[in-house]
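The block underneath contains the structure these notes are about, expressed in structure tokens.
By letter and in written order, the chains are A, B and C; residue numbering begins at 1 in each of them.
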Amino acid sequence: VSLHTGLLTLETEGSAHVIDLTEGVVRVVAAAGVAHAVCSVFVGGSTAAITTMEYEPGGVADLRTLLSRLVPEVPEAGAYAHNTLNRDDNAHAHLRASLIGPSLTVPVVRGELALGTWQQIVLIDFDDRPRRREVHVQIVA
Amino acid sequence: VSLHTGLLTLETEGSAHVIDLTEGVVRVVAAAGVAHAVCSVFVGGSTAAITTMEYEPGGVADLRTLLSRLVPEVPEAGAYAHNTLNRDDNAHAHLRASLIGPSLTVPVVRGELALGTWQQIVLIDFDDRPRRREVHVQIVA
Amino acid sequence: VSLHTGLLTLETEGSAHVIDLTEGVVRVVAAAGVAHAVCSVFVGGSTAAITTMEYEPGGVADLRTLLSRLVPEVPEAGAYAHNTLNRDDNAHAHLRASLIGPSLTVPVVRGELALGTWQQIVLIDFDDRPRRREVHVQIVA
């Protein structure tokens, strides 16, 4: 087997900051120098998530609005148990991250990620403050 | 390492068309001829998703209804920024696809996918028109 | 290639029972004895899901409340088609499982899972009765 790895370190603003990781992942794929492979992307931490989207200002705004509506910062009634029990403020961030999930796999075909034309790999940091995030990229060829 | 790959090409109707991919994935697994492996399934494009479900008419109808309610085609107030900024109509499709995600991994055990008895691998095409979709199946053994 | 596998068997209570799998996955990683690898985790069945979260009582309660609100056991109007067509009661469990998904990949770095400090791997069993679940852990190194 050959396992190639890369680590992307990102400074986020938190508060559902969406960051396009595609260029960083492409660099790890290029460094691996493989034609066909499976590429896994993972973010450590329980308040951030990885998914794909068309990374453009409208889509980014819509995704943030959607998650604010589905999983509001403050629930309509009562309070989040995570915040109450732990004297914390980021329960919404935990919930959003669990819903979307921290991992993704993308094929590498003829040396390139098999993403759609308008499809980018993104990190979403839901935490309520700026964070340094480590994203692991692993290429199995 | 051995990496076996297969490509499933599907003509969808869009509009949250749910297609059972299991038989196609099983064919790729069989062609690989491996006993134990990790099988990755990925759809290219930012308006389609991959997940698993019991593929039967009731469950398919419920999933479509759920996503129409959680991420409506037209928001209750205002408009999606993606549609406004890009003169487009499929913002809801982008959002639903990002929520569910484009990838899945399933184990191969003694030559067979380790799915539950009532668990199928499905592609959901959320776009607002028929599309040709390419689903990559990769077997690492 | 080296593919190491482990099977975790769990008795759940159903009804959105959240079980921390991290220790079980760590045991499979340790038994594999590899430094760098991709670890895939998958649950068989269409009414259970795998994700990550900070596994503490508040977060567990919040996640259960969130999913009860987003995907209620009984819809506000009408009934779930899955239940009506199949004389069943667990349509909500199917929907929640499809939304979150049955699989996850986590990197192994210097012999350890690259999880965040407060990030655990969890199984959520959404079914409406106790179940025995099999979780497949696969290590590709």
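One rule holds in what follows: contacts are C-beta pairs under 8 Å (C-beta built on N, C-alpha and C of every residue); 3 or more make two chains touch, one makes a residue touch a chain.
What you are looking at is a predicted structure, and each value in this text was computed from that prediction instead of being measured.
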Handout entry: Turning angle required so that subunit B lies on subunit C, C-alpha fit (0 to 180°, nearest 5)
Key = 120
Problem - Equivalent interface positions on subunit A and subunit C, same or different at half - result: different
Handout entry: Geometric centre distance via CA averages, subunit C-subunit A, whole Å
Key = 19
Completion exercise
subunit C touches at least 2 other chains through residues 1, 38, 70, 99, 101, 105, 140
Practice task
Enumerate the contact residues on subunit C facing subunit B in the complex.
Solution key: 1, 3, 5, 38, 40, 42, 44-46, 70-71, 80-86, 91, 94-95, 97-99, 101-103, 105, 134, 136, 138, 140
Completion exercise
In their shared complex, subunit A is touched by residues of subunit C numbered 1-2, 36-38, 51-54, 56-59, 61-63, 65-66, 70, 99-101, 104-107, 109, 114-116, 118-120, 140-141
